[in-house]
Each structure stands twice: as structure tokens, then as C-alpha cells.
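The same chain A turns up in both complexes below, where it pairs with chain B and then with chain C.
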Partner chain A sequence: MLLEVRDLHVEFRTRDGIAKAVNGVSYAVDAGETLAVLGESGSGKSVTAQAVMGILDMPPGRITGGEILFKGRDLLKLKEDQRRSVRGAEMAMIFQDALSSLNPVLSVGDQLGEMFVVHRGMSRKDARAKAVELMDRVRIPAARERVRQYPHQFSGGMRQRIMIAMALALEPALIIADEPTTALDVTVQAQVMDLLAELQREYRMGLILITHDLGVVADVADRIAVMYAGRIVESAPVHDIYKAPAHPYTRGLLDSIPRLDQKGQELYAIKGLPPNLLHIPPGCPFHPRCPMAQDVCRTDVPPLYEVSATRGSACHFWRECLHA
Partner chain B sequence: MPEPILQVDGLVKHYPLTQGVLLKKQIGAVKAVDGVDFTLGRGETLGIVGESGCGKSTVAKMLVHLERPTAGSIRYKGEDVTELSGRALKAVRRNIQMVFQDPYTSLNPRMTVGDIIGEPYEIHPEVAPKGDRRRRVQELLDVVGLNPEYINRYPHQFSGGQRQRIGIARGLALRPEVIVADEPVSALDVSVQAQVINLLAGLQQEFDLSYVFIAHDLSIVRHISDRVGVMYLGRIVEIGTDEQIYDHPTHPYTQALLSAVPVPDPEAREHRERIILTGDVPSPTNIPSGCRFRTRCFKAQPRCAEEVPLLAVPEAFRGAPGPAAHPSACHFAEEKQVVPPETDPRGDRFLPPADGPGRPA
Partner chain C sequence: MPEQPYEPEGAIAGTGMGGAMDLGASEAVTLEKTPGGPDGTGPAEKPRSLWSDAWRDLRRNPVFILSALVILFLVFISLWPGAITSGSPLTCDLAKAQQGSGPGAPFGYNGQGCNVYTRTVYGARTSVTVGVLATLGVAVLGSVLGGLAGFFGRSWDSLLSRTTDIFFAIPVVLGGLVLLSVVTSNTVWPVIGFMVLLGWPQISRIARGSVITAKQNDYVQAARALGASNSRLLLRHIAPNAVAPVIVVATIALGTYIALEATLSYLGVGLKPPSVSWGIDISAASPYIRNAPHALLWPSGALAITVLAFIMLGDAVRDALDPKLR
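== the complex of A and B ==
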């Protein structure tokens, strides 16, 4: 297994108390595999990824438990300088907002080349040549001329390609893409997702795709982990989950997608609001919004039950949900 | 077609680009909206879709008179709003209200919810006399599904979905006939979007509202709209009923747009034909000659560079009445089904219980 996160716990100290952002998350990605982490804002999907990358703001954040095994080594036990040699070279991250993730006062060529200067000790000239090569790889037209330009001179889709190029630069084994196409228009989103999927196949990278878009997930993922209130509530191969979700939250999300035969009718809506991380409800964190909730849900936190060899659901009533 | 309440003809908004400090010289224009026509019927929902920069938000701003059109007319019940001023304009503006995209920035953080929703009454005191306002605001809170006791709270005490409900309540305060909603759910979480869409649909029934619903999420637009217009670079390229646009699109841009939307069904992955457009939308300062879509079009011919295609029922379909016979601004319009006939991977088995608590009664 390329990456294995085991029982990760992350908290944030805030003025109003301790926010439990991640509460025992475990997931794994293998080389060449795409894991989609699906969740709404505040579900802990990005915080988990930041902990894996080692870019969590600490403080106020604090990892209070768990292991992050990358190629068998626990990253949480490494010293910061060892961690730095992993970050960028062996795992890389693509962020949602390319404009604010790129440095506005450095040309894109300098930013791409920096990877080679810092990690590979290349000369500036060789690094520049590498940058042009990378821009070609992600199909930016006229790369040789545009390598001198600054981020603001590129369109949103092109900037996201530069982010992808930067992540790919050192041919990492793992890429974490945090909402890589959310800020893009649909026609451009399709171009960028296609490119990402193609490069992933070519380099046999593991890909963690963080998103809230059920459509994007269905298009590219092999497996899905659905997160809610800092926990994984369902984990399954992509085909299984869309056919028959085993957790009421997943089912609610799928049912709230407008469907043709429901036109003119009311959409299914999950009632209520996502929980406040300062006061996560006792028992199953989804119970106040769950149509299937029973007394046991209010008191006992459901473990991730084994639905099949490849599936898990953190619902006391996963059987009923699966066959509802 | 129901009786028209809004008629938009040849609507244009150009923002001048100037050079020089003292002697300002116009060197060009950002052609944000460049000739838009549509009609909104009473009680109808017109959806407008398009990518960022296509001018859909500028159209919205002109409809509520936040921007003055460079040319063209907006007729409300037959009267050209763009020519009005003073008292007559004020009376019309009362009837066309807006709901904004971002519930985080469109509510003043220093005002209480009661003041925010009641502020329209300061401008139009004839709608609610002073002593009556508090009660009116509480009624509105109740109508949008918020607790009327929240009247003294501030926006930061609410979640995104609740704030959007506050924005909707403000839009309803003056009992308008038309609501222009610019991306009203795109800033909200998936599980909350459906709640707000249901609220908007319910209010339309209750208050006999007409909606102009602007969004980039095609499936939500289809769900709520009676008719849909597709915009590209300042113009509507295709318009028709939701069935005509989604199931029988004839404009290549609409086809590409529909085919690019990810379908939430992993089975569709393999046997789905996708039209991937190359390149980006051209700059609105430098619009291509002829058909403005031709630089990205997979069908472009020399004729497209010379002749501007008009938004009309294409000749090929004029004789034959059918769902493909609707206005489409393309010289080579032809029908192409891009969205596979709906297949629900879950079948009927997994429909939610009709009386489940998740469903508002």
C-alpha cells in the first residue's frame, strides 16, 4: 500500500473551545488508484489531506493520534527536514484556487524551475528547460514563450494546468488534489480532469481527489470515502456506492441530486445543518439529521461496520439502509 | 405562453476601456452583454446558464436596474423601464427584486436580521407603515423557514443556508412580482442546496412569482426552470423549454456544455460521448467576427467567420414542428443527443420514503 492513514485525530484550538476536525479517519491508496474523499465544508476532508502533506497549521492545529504510513514509514515520526524531502518530491498537492496558490511576482517558469533547483540541485538554466518541458506535458500552448509570463497572464484553466505541472515536476508517487476543478467552468473542468486522469495513468500515481461533487467522483474515482463531522461514514468501490449506498448520509446526498422524473416535485433534502465541530452530537454525529435514527444512534458511536470485504459503513442500521 | 411580464429586447452593456489621464480616450469596450432578447411569462421560471464571463450576471444587474443598459429595452408589463426615472422608476423597481449569490457578503454584518429584511420598507414606506414593520419581518422569517424570534440576531450567527434564506426574505419584503436570482445556491453545501431550491419553488407557488434563475449548475436549472437560455460571450445562443434545450440541443455550444457536465453515475463513464472544447472563452474586449463561438467550435466553417448567426429557429427545422424547432444561433444547427436517456443506477428501490422526516411535508 502506498499510503495508509490509520485512526487519525486532529483538533484545532479556537477561542470558543476545541474543534474536533478529524476524529479517527483511516483510509488507504495504492499506486495507480484514485480515492475520492467526498464531504461538505467542515467534514475534515481537507484537514486530513493537510495532515498527510504535513502542511497543517500547528498551532492552532494539533494531531492528537494516529499514524500516516507512506511507503511503510510513519510520516508523523519523521523530523521536519526529513518530512520536507518527502513533500514535493514523493507526494504533491494541487489546490483549489490556483491564483492564490501561485506566487504573483515570480514568472511561472521560475516557480516550476524552483522545484528542480531546490530538490535536484539543478542550475537555473537546466531548471528553465525542465519548466518548458513540463508546460508542454500539461499542454500549455506556446510553452517556450509563455514560460516567462506571470500567473495573472494565464486563464483559470491554464493556471490550474500550471499547478498540475508543478505537482508532477518531481514525479511523485502520490498526488493530493483538493477540489482541483471547483473554481473552473464546466467545459474547462472537463479538460483539466481528463488531463489529470491521463497523467495519473501514465505515471501510475496514487491520487487522492478531495471534492464535494458527486458527478466528478463518478467520472474518475476507483474508491470513495464519504466524510461527515471528521469521520469516514462510508467507504466503498465507486460502483457499489452509487448503486446502493450503505449510509443514510450518502443516500441523502445522492437523493438530493435533481433527477428528471422529479421535475416539478420537491427535491429530497437532508434536513437540518452540518454539525458544529465544537459540539459534535453524541452517538452517531449524523443522528439529528438522519431519517432512520433510533435510540441507539443517540448514545453509541457506530464503528465502521464491514459491509463486504471492500466496503464499510459507520451506521448501526447499514443493512436496513442498503436494502431500504 | 403565459402573459409576458418582462420583455427584453436587444439588451447591450458595454464598459468603455479608456487610455490617458487628462484626455481620456476610449480605446475599446468590454462587451459584457451584446444583444440579448428574451421574454419572461407571469409565473414562469426562465433559467439562464453559461460559464463565467458570459454576461449572465450583468443581465441580472440590468434587470434590477443596478446597471444602466448601453442600448436595448427592458419592458415590464409593456412599459420600458430603461426610460423611466424618479417616482415611476421607483415604483417599478419595487416589483423586480434580486437574490444574490453570496450570502456571506450580501448581508451587512453590522445590521440585525430584522433591519436587513426591513430595510426595503425604508425606501418604500407605502408597503408597510412603521408600526407594522416588525410584524411583517417576522412573517417573512416564518415564510422562509426561519424562527421569527431570530429577528434581533446578526448574520454571523447563521449558517450559509440560513443566510441565503435571509437574503430571500429581503427579496420578498416588497411583495415583488419578479425575482432575479443570481446563482442563489452555488455558495451552499450540497445537502443545503436542495432545501433552498425547494423553498424557492414553494414561494413561487405561494406568491405567484416569476423567476429569472441564473446559475451554472445545469441540473439544478433544469429542475426549477420552465424555459432555459444558454449564454455565451454576451449573447443567448440557444433558448427553449427545458426539454428542448436538454434533450434536443441544436447549438454546438449547448451540446458541449451538456456533455461536459459530470454525470453522477459511474456506469455512464464508459459509454458517454463527451465533447471536450479546446481553449478558453475569448476576451469580451475582442469578440471574434461572425459567430462568437467559432474559435472553439468543432463544426466551424469559413461562413461562421463572416456571417453572424441570428437567434432564430434554424431553417432546417422550420418546416417540421418538433422539439428541435426552437431558436438556436448557429448556421449549422443540428440535433444531437448528448445526455444519455436517464438511467438511475439505483432503480426505484432506493427512492426515499415518501413520508420520511427528511422530506418537508
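== the complex of A and C ==
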């Protein structure tokens, strides 16, 4: 396994108390594999990724338990400077909003080249040449001229390509993409996703795709991990989930996709709001919103039941859900 | 940063999960949109940045041009006062005391019979030296301390914030009277040192605040995720984005330091005769305001115009560096 997260716990100390953002998340990604992490805002998907990258703001954040094994090493036990040499070179991250993720006062060439200056000790001139090469790679037209331009002079799709180029610069083994297409036009979304998927295949990288867009997931992911209230509620190969979800929350998500064959009908929505992380409901955290909830759900936290060898569901009634 | 747990919009399934529709549409259209000129594939436009935009704004601003001309003139006469005067500011003839303008003395003579024009020109050197050096000292010390405190936060930040509180509690003029009255050296250095000592907390607060703001930007997080070290984050990603407010406040402060030097010299604790300074001349001329108002008018006027020029320059720079005003 390239990356294995085991029983990760993260909490944030806030003025109102301790917010438990991640409560025992485990997932794994292999080289060349794409794992989609799915969930609503506040489900802990980005926090988990930040903990893996080691860019969590601490304080207020705190990792209270678990292991993050990357190529067999526990990243949480590394010193900060060792950790830093892993970041960017061996694992990289692509952020949601490329405009705010690029420094407005530096040209894109300087920012792309920085990767080579920081990690490879290259001269600025060589780094500039590498930057042009990278921009060609992610198919930015007229790279040689545009390398001196600033981020605000690029369109949204082109900026996201630059972010991808930065992440790919040192050919890392793992890429974490945190909602890479959310801020883009629909037409551009597909191009950027295709580019990312193509480059991933080419370099045989592991890819963690954080998203709430089920459409993107169906296209590119191998496995899906659905998160709710800082836990993984269902983990399965992508086709299994689309065929028959084994958790009522996953079912709710799938049912809320607007469908062309049901024109004019009301859209389905999961009732209620995501839980307050300061006061996560006892038992199964989804029970207040769950149409299948029984008494046991209010008291017992469901473990991740083994549905099949490659599939798990944290629902006491996963069998009923699967065959519903 | 934790994701916001209670956010209702987008969080509710059904509105936030609409992405599946995107699939069909995206297959049909494969051309990336290229809105506007700069994003086309045509010839690249000239690179622009915050600073080049600001400079373009400034060049068109009459307030900036006027104040810059005044300041350039001041710098010129403080470097080469001999270019527009003849004679020394210390050559005085009591026989001419309080006389009005005459040949070679367009501003007349003061109570000691010194040429007011010559003394006003030579006084610019003191003012510009004190203003520029005190501002440099304050800006460097203040932004280094404030920037580090803002970046590293925690106990460093608390320590610095409480220290600046203490300095803010010291009244400037009273502090100057107490501290500078024990100094015997009659040079600009004790005055500059005093201003740096009392002035740095102002800049350090500004620098701290703007570093904290810049630190929260996504691109700092992104650079960290790509392996940049703390010093690299601070110097390359945060500092250039945090320096604008410091420049603005420092420019405005420069004017007030010049006024403060005059104030301290007026009170007799800044520079003392035979040094030449507008403050000294204002102080010496003020008892004779009825008999020889010109001896008071010219150094006071020069001081007022200088301070105003720097404050106007600071205003113009602030407007140019604020992208929201564009």
C-alpha cells in the first residue's frame, strides 16, 4: 500500500468546546489507484487530507490518535523538516480555488519553478525552463510567453492546470485533490478531470479525490469512501456503490442526484442538517436523519461491518439497505 | 481550519449534489472557454503586478506628482544647499537683526541677524535626515518584530502585543523631554534613536496585522503543501503581500517625525544651536512675532509644506496600493 490511514482522530479546540472533526477514519490508496472521498461540508474529508499532508493548523487542530503510513513510514512520527521534504516531492495537493491558491504577486513561472528551487536546488534559470516544460505538459497554450504572466491573467481552467502542474512537478507518488473542479465551469471541469486522470495513469500515482460531486466520482474513481460526521460510513468499489448502496446515507446521496427521467418532480433531499461536531449524536451519528433508524441506532455506534471482501458499511441494517 | 459544520447551504443533499448533471454536458463541449483578451491564446499581454499597476496609477495622480516634486526638491536642497544659497547659515550680523527682505536675503533676517532664507534652506537637511532615518529605523525594526510575531503567533505574539501596549502608554513629548534632556550630544542621532524607540510599535502592529491576514491566504497553505519552509513562506509568499500597509503608514509617519523633530527642538531637547533646524528657528522667532513675523513665517511654512507633502504622498500611495479602489 502506498498510503494507509489508520484510525485517525482529529479535533479542534474552539471557544465553544472541542469539535471532533475526524473520529477514527481509516482508508488506503495504492499506486495508480483513485480513491474518492465523498461527503458533505463538515464531514471531515478535507481535515483528513490536511492531516495526511501535514498542513493542519495546529493549534487549534490536534491529532489525537491514529497512524498515517506512507510507503511504510508513519508520517506522524517524522520531524517537521523530514515531513517538509515529503510534502511537494513525494505527495502533493491540488486545492479547490486555484486563484486564491496562487500567490498574486509572483508570476506563474516563478511559482512553478519554486518547486525545483526548493526541492532540487536548481538555479532560477533552469527552474524557469522546467516551468515552461510543465505548462506544456498540462497543455497551456503559448507556455513560453505566458510563463511570465501573473495568476489573475489566466482563466479559471488554466489556473487549475497550473495548480496541477505544480503538484505534478516532482512526480510525487500521491496526489490529493481537494475538490479540484468545484470552482470551475461545467465544460472546463471535464477537461481538468480528464487531464488529471490521464497524468495519473501516466505516472502511476495514487490519487485521493475529495469531492461532493457524484458525477465526477463515477467517471474517474476506483473506490469510494463516504464520510459522515468524521467517520467513514461506507467504503466500496465504485460500481458496487452505484449499483446498490449499503448505507442509508449513501442511498440518500444517490437519490438526491437530479434525474432527467423524472422531470418536473420535486428533488429528493436528505432531511435535517449535518450534525454539530461539538455535539455529535450518540449511537450512529446519522440516526436523526435516517429513514431506517431503530432503537439500537440511538445507543450503539455501528462498527464498519464487512459487507464483502472489498466493501464495508457502518450501518446496523446494511443488509436491509442493500436489498431495499 | 475545520470545515464549518453548521453551514446550511450546499450542505443539504439535493442542492449540493447536483453535479451528476455535469457529466452529459461536459461530454458535448470540449473547448475551454477563453473569456476576455488576456486569456486567449494570442500574443501574451505585458505582465502586470500589484506594483506596476500601482505605479501606473500614481503617475496619473496629480496629488502624487505635486507631493513628489516637493519632496524631490527637499531632498535636493538637503543634499546640495549651496546650489541655491550663498553664505553660511551661521554667519549672522546683529546689525541686521529683524530686518525685512533685502539683497541676498529674500526672507529677511531673524532676531540674531541671520539670513532667514539661508537658514530655512539649510534646515531642510536636518528635517529630511531625521525624517528618513527615523522612518527607516522604525519600518525595519517594526516590520521585523511585528512580522515574526504575526507569523509565529502564540507566546511571541502575546509578548510583542503587551510590549507595544507599554510603549503606546508613553506620551511622546513627555518621553522626549525626559529622555532627551539628559543627552548632551548635539547631533541628530539621539533624536532619531528616540523616535525609533517610540515609533516601532506603531509599525509593528500594522505589520503583525497584515502578516496575520496574508498568512491565512490559500496560497500560503498551498505553498506549505508543496514543501516550502517557514522562511520561504514568510519572505517570498507573505512579506510581498503584507508590505503595502507598512509602506503607507511609514510614508505618513515620515511627515510626523519631521514635525516631531521640530517640536523637540522647539522645546530645547532636540537639536540645540549651533545646529540648524526649523524647530530651533521657530522657537527663536516666536517671541518676536510682532516685530519680525517673517522670521517665524518662513521656517514654519517650510515645515508645514514638508509635513503635508509626505502625508499627501502616503495618501496617494495608499490609494494606489488598494486594489479595491481600482
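What we mean here is this: the second predicted complex is superposed on the first by the 322 of 324 C-alpha atoms of A that agree within 3 Å, B and C clash if a C-alpha of one lies under 4 Å from a C-alpha of the other, contacts with A are read in each partner's own complex, and residues count from 1 in each chain.
Definition applied: a residue touches a chain if its C-beta (ideal position, glycine included) is under 8 Å from a C-beta of that chain, and two chains touch if they have at least 3 such contacts.
Note that this is a predicted model, so its numbers are computed, not measured.
Within the superposed three-chain model, A:Q189 lies in touch with chain B and with chain C [touch as defined at top].
In the superposition on chain A, A:A244 contacts chain B only, with no contact to chain C. By the document's definition of touching, neither partner reaches A:D295: not chain B, not chain C. Using the contact criterion defined above for the overlaid structures, shared-chain residue A:K263 touches chain B, although it does not reach chain C.
Contacts of A:D16 after superposition: neither chain B nor chain C is touched. In the superposed model, A:A324 lies in contact with chain B only, and not with chain C. When the two complexes are superposed, the chain touching more residues of chain A, out of chain B and chain C, is C.
When the shared chain is aligned, chain B and chain C each come close enough to touch A:V216. The intersection of chain A residues touching chain B with those touching chain C, taken from the two complexes, comprises 40-41, 155, 157-158, 185-191, 212-216, 218-219, 252-253, 256-258, 260, 267-270, 273-274. Interface residues of chain B, counted against chain A in their complex, comprise 51-52, 159, 161-162, 189-195, 197-198, 201-202, 216, 218-220, 222-223, 242, 256-257, 260-269, 274, 276-278, 280-281, 342, 344-346, 349-353, 356-360.
Within the complex, the chain A residues that touch chain B are 40-41, 155-158, 185-191, 193-194, 212-219, 221, 238-239, 242-245, 251-263, 266-271, 273-274, 289, 291, 324. Listing the residues of chain A that touch chain C in their complex gives 12, 14, 19, 21, 40-47, 53, 55, 57, 60-61, 81, 84-89, 92-93, 95, 97, 100-107, 114-115, 118-119, 141-142, 145-146, 148-150, 153-155, 157-158, 163, 166-167, 185-191, 211-216, 218-219, 252-253, 256-258, 260, 267-270, 273-278. By the touch criterion given at the top, residues 1-8, 10-27, 29-36, 38-39, 41, 43-45, 47-51, 217-219, 221-229, 232, 236-237, 240-241 of chain C touch chain A in their complex.
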